[in-house]
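The data blocks that follow each hold one structure.
Next, two complexes with subunit A in common: one pairs it with subunit B, the other with subunit C.
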Partner chain A sequence: MVRFLLSRLAQAIVTLWMVVTVVFFLARLTGDPVALLAGEHATAEYEVELRARFGLDKPLWQQYVIYLGQVARGDFGTSIVSGEPALAQVMERWPATLEIGLVGIIITLVLALPIGVYAAAHRGSPLDYLARGFAVFGQAIPGFWVGLIFILVFAVDLRLLPAGGRGGPQHIILPALTTGWFAVAGIMRLTRSSMLEVLGSEYVKLARAKGLPMHVVVWKHAFRNAAIPVLTFSALVVVSLFLTGSIVAETVFSYPGVGSLLIDAVRKRDFPQLQAAVLFLSALYVLVNLGVDLLYGYLDPRVRS
Partner chain B sequence: MRRVVGVFVMVGLLAVQGACAPARETPSGEPRAAQAGSGQAPAGQTAASQPTGKLTVGLSSLGTAEAWLPWLEAGREGWLVLDPIYESVVAPNVQTGEIEPQLAERWEVDETGKHWRFFLRRGIPFQDGHGELTAEDVKYSYEMYISDRSVASNKATLQTLVEQAEVVSPYEIVFHLKHPDVTFLGRLTPGNFGVVSKQYVESVGEREAATKPIGTGPYKLIEHKRQQSATFEAVAPHWRETPRIKTLVLRRVPDQAARLAMLRAGEIDITEIPFKLKREAEASGLQFLRVEGAAIYHVQLGGQILPTRDTFDANVPWVGTPGDAASQERALKVRRALNLAVDKQAIINSVFEGEGVPGVAPYYLPGSEFMPSGLQPYPYDPQEAKRLLAEAGYPQGFSREIEMQLMPWPGRAEMVDVGEAVAGFWERNLGLKVKRTPIDFATWVPNVGVPRKNAWVTWAHGYIPRPVSEPLIGMETWLTSQSRYNTVAETPEIDALAMKIRADLDRAKRVQDYRELAQMIYSQYYTVPVAAVPTIYAYNPKAIAAWPLQPGESYIGGYERAVPARQ
Partner chain C sequence: MATLEGLENLPSRPEAKAGRGVWPRLASLPLVPLLVIGVLLVMALAAPLLAPYPPTEQNLPDRLRPPAWVAGGSLDHPFGTDLFGRDVLSRVVYGARVSLSVAVIAILVAGAIGTAVGLVAGYFGGASELVLMRIVDAFLAVPAILVAIVLASTLGPSFQNVVIVIGVLYWPRYARQIRAETLSIKEHDYVKLARIAGCSPLRILTTHVLPNLVPSLMVLASLQVGSAIILEATLSFLGVGIPPPEPAWGVIVEDGRGMLASAWWISLFPGIAIAVTVLAFNLTGDWIRDRLDPKLRGL
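Presenting the complex of A and B:
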């Protein structure tokens, strides 16, 4: 187990290093942050001064080496735009993303798992058809469109919930629903198909032949095995709620989280901020994957051995 | 059904992301002239008209750093938040755009044009009892603007123009310029220069002062939620103009469609809307404020550079060989053809929802006093365009492809649509081959020489004029061979006129020079002027009764002038 853990940890470090490298170089291909910062009336001399101030006048390889050294020391640089430490801004915005993400996860699991299991157990029923239809549309419809629909219906027409911004619990509902929309559809669909496969297996038939109640067969015997692929997918989807989902929801609902910070950083070519935000979210992704791998070991003894 | 249609409109708009009262100059710009003033700060409104209520404004941004000292904000958007807090030495009149005193009661400029003397009003208080405005505060503010810490867009200009700021007495300051420049006055206006309390900033430090700013403006910042909102309270009474609305909230909502939804839901009271959302807003019962002349669009024809540049290419059809009259005549016919082939009104109707008027010359507001009278937009005449092109030797169009760079600047997303539309007209009416190249500003700027290097490059430009009495302030970035991004044509004549305007203190003569410049650009068809369009703000009539906005200013401001619907 220790070897397993160490090996996963080493993989995680390599993964993060690759992410840092790719983002570092890709970001610099997108344009000049100094031009955006200096404005259209700036002189060429002023831009030279700004470049020197932000270390952008050095050769690219040198900037990269300096940056790696800083990251190794826990220094993620200073935002070109705000002048604040880049990681501090990410941590300042993280609670907002966490709010939406956690509520999104809860909504996802509360809706997707029971509906997926029920649809499989009652195959061919009206609810099964409804669930399958939702699964298709849910994965096809873009999140930002869903978010705008929610705003129109719940905020503009019904005036039940706020259209955006961060505040009390009522501000979290629509962004969380928007974030979880895609995940609900995907997890429900996978749960259903996984359950159908397991429900058709011999040991489940035996359990039913023994006269066990249906809910015991489904939840105690079938679901645990069906949950393994669902777990993998759910873990990735859950993290995606924090990554892509948060970007969309935070932009549409003006929620000041890491996602909107990332979008701003891309627009303004704020390289340190962009790198810090991506590294943070990537570390989160790697961590969740690691957790899933460990959970796998618990659920499936074959993995442990 | 209506909701569904509206939703699809909003989806389409999401895919697209990112008239005029001329500015007039006060006579004070003349040598030894003085602007009359009371000498003392006005009393502002009486206690009987105390501010009440709340106004919430939806903005796409609260600036870059969200650090509320004028020199720490890099872009113009930061001034949306700085504007209520700070004031400037001079400011444009809200109706005419003419520069008039604000913190200064009057000013003088000597006959050399290099020494500008400002006489400050007495008794102007900083907020929260932080003393009275003096010349030391103005000097300190200037020094901070040009300091190493400064990222203000005005920094480079002030460094280039100003030799020294000299405090003569507590209420008198002289700026000594390196060379005569009439545009200097416009550098001390809101959006370009804000005056802070030297005593306050030095006592609490820059960091503290940036989070708890103190100015002389009509509003005081009381709460700031980073990347969310800034809340202000009216200063009552204010020495200049006491606001009518007590609480001002500037709320950051980056998405255009979301801002409109919030306006419809009553969560904000006013916001700028893009043209494509105008119908949706109208259908919702919202009303509009229009600021005419807020943006002027034209298409640049690349390659019109000085022949001395090593990338000059005389083979570009609209450029011609220097010194060859026949070649120049052919090039002029080609430029005329490129203009006559474009239906400006159709572009206004489709891209700008019918808002705006056809452009006449780049950087000039149609009808402006700086334009010669009688200049009309080039007509739409595709037949004549085709004939001219054939006469110039291109009956089947050009052998090479023109590249149209589609570049959306922040706040001017329509530049892409304008470029696309013009390219379409050239293809349809002239049979030209036009390649569209999407590119954004940050990618384009490092290659700022590309339009100069690649002669076959064109791009649409959406110029935002500044509400100052000197058009050259905005033009200088785009007009001459010394400009960073020339989008007209590099000619010794344009350079000479621009230099003449800059140094001439006689306003009447400058107006004539501006007209001559406009005539020159117009008669030579150097560019393809498209439209002068307004900025549109949608507002809730139950919240706002009136709000005089600055002509030619594309950013909302002057919050103290907003009149609530119920007083």
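Presenting the complex of A and C:
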């Protein structure tokens, strides 16, 4: 278990390092990154200052070392738009992102798992067809559009929920649903097919032969085994879907998290801010993946090879 | 005792009659999705002929007209117009070009790279396999959308950047699948005999291994086109994909976002176009997969 933990940890660090390096090189792709870092309205003195600070007149490898040091210290430069350290906004906004992410995961699982289980247990029933149809449609509809439809229906027409911004629980529902949207259909389908496989196995037949009531067979015996491949095989995909989902949802609903900060920074050409947001989200992504990986290793010892 | 009388009343299924004539075979094709894809291809190829107006032609006096069936709309602009008076229907029709071509080109690029890597890793094994598969793992671990956003902000959003991003995102899956299959194919007798006969590795790979991989490649590609279209639309919507005023569907949805309550038609129709397109590709891909290799259901 310890070896498994260490190897996964090492992988996570390598991935983070790769993202950091890719960002470094992408910034220098067009030649001189001063334009990116200083913005269009920068004064000549500011540019000189930046050159000194990031060592831009030094050879590339030295720049890289300086850069790595800065990243480690959390110094991502100064935001062109706000004039403050780029990390400051990120630090202010990350709780919002976490909110939507967590609520999104909960809603997704609460919706997708029971429906998937039910569809498998009642295979061929109208609900099964409905669930499968919904899953097929759901994977074809882009999340950002779903979010806009939600706004149209719930905020504009029905006036039940707010169209954006942050506040109480009513502000979280729609963004959370939109964040999880990409993943719900996939998880539902996977749950259903995994359950179908498990329901055909010998110990389930034994349980039914013993006379156990259906819901005990389904939930206590079948589901526990079906859940492992569902929750873990799809983990990497689901986490990246959630990353995309939260960036999209925050933009659509103007929710003040790191995702919308990222898109804002792109629009306003505020590269230092962009860099800070990207690196933060990458770290979050890698961390969550690591957590899921370790959970997988804990739940299913066969994986630890 | 069993009798033969009931046999005429058995329900007939297309599969049961397979091999007897064209129509039963046709019935097992996913006709509706294929029809939709056909329509889309026509839309993409013949856009200048089909669209009533050029997609970027502005017409300010006629701006923000609702669709034809709503009060204030007219058949001049069946889907209405946007903030600059551009016809929404024309933009959606032209959008098919952009979305389809990006997705197809990107999947082709990803497939080519992934297959090459998978073949080399699977066939030659050893150090090359180790290194290549580690690279594949590395690419899979990096959050692609973030890299896409950084790329768009440094190089500027563009058609080719989107193709690069999607290609980079999708090639590892091909590599993994192709490597796994190459590993098993290379143990087949005809491959071993070819090696003994002195065929060069290149010849073996292209003449013996590659043709056996075609079914898997087709399945993977058809399953991924749909998600590539959604990814491109998402990137364009966020402003890091195809840049406006190019009428990519994601761009049109973004155009309408500020006026959702008053001019809902601008965002609605391109979204429907995306959903219908992706649905058609997904259903076709599922059918291809079921036909060629049901074992791939996990994908």
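Keep this in mind: the second predicted complex is superposed on the first by the 253 of 305 C-alpha atoms of A that agree within 3 Å, B and C clash if a C-alpha of one lies under 4 Å from a C-alpha of the other, contacts with A are read in each partner's own complex, and residues count from 1 in each chain.
The definition used in the following text is that a contact is a pair of C-beta atoms (placed from the backbone, for glycine too) under 8 Å apart; a residue touches a chain by one contact, two chains touch by 3 or more.
What you are looking at is a predicted structure, and each value in this text was computed from that prediction instead of being measured.
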One more residue to check, A:251. First (subunit B), second (subunit C), both or neither?
both
Taking the superposition on A as described, I'd like to know which of subunit B and subunit C A:173 touches: first, second, both or neither.
neither
Which of the two partners, first being subunit B and second being subunit C, lies in contact with A:294: first, second, both, or neither?
neither
Scan A:269 for contacts with subunit B and subunit C and give back first, second, both or neither.
both
Based on the superposed arrangement, let me know which partner A:156 touches: subunit B (first), subunit C (second), both, or neither?
both
On the A-aligned overlay, A:196 touches which partner chain: subunit B = first, subunit C = second, or both, or neither?
neither
Report for A:228: first if it touches subunit B alone, second if subunit C alone, otherwise both or neither.
neither
For A:283 in the superposed arrangement: first (subunit B), second (subunit C), both or neither?
neither
Once the shared chain is lined up, is A:144 touching subunit B (first), subunit C (second), both, or neither of them?
both
Interface residues of subunit A shared between complexes with subunit B and subunit C
30, 36, 144-145, 148-149, 151-152, 156, 251-252, 263, 269
So, in the complex, the side of subunit C touching subunit A is made of residues 137-138, 140-147, 149-155, 226, 230, 233-234, 237-240, 250, 253, 257, 260-261, 264, 267, 271, 274-276, 278-279, 282-283, 297-298
Taking the complex as given, what residues does subunit A use to touch subunit B?
30-33, 35-46, 50, 53, 81-83, 92-93, 144-145, 148-149, 151-152, 155-157, 159, 162-166, 251-254, 256, 260-261, 263-264, 268-269
Interface with subunit A, subunit B side, in the complex: residues 3, 6-7, 10-11, 14, 64-67, 72, 74-76, 148, 151, 153-157, 159-160, 225-229, 251-255, 257-258, 261-262, 264-267, 440-446, 476-477, 484-485
Quick one: in the complex, what on subunit A touches subunit C?
11, 14-15, 18-19, 22-23, 26-27, 29-30, 36, 136-137, 139-145, 148-149, 151-152, 156, 193, 233, 236, 240, 243-244, 247-248, 251-252, 262-263, 265-267, 269, 271, 274-275, 278, 281-282, 285-286, 289
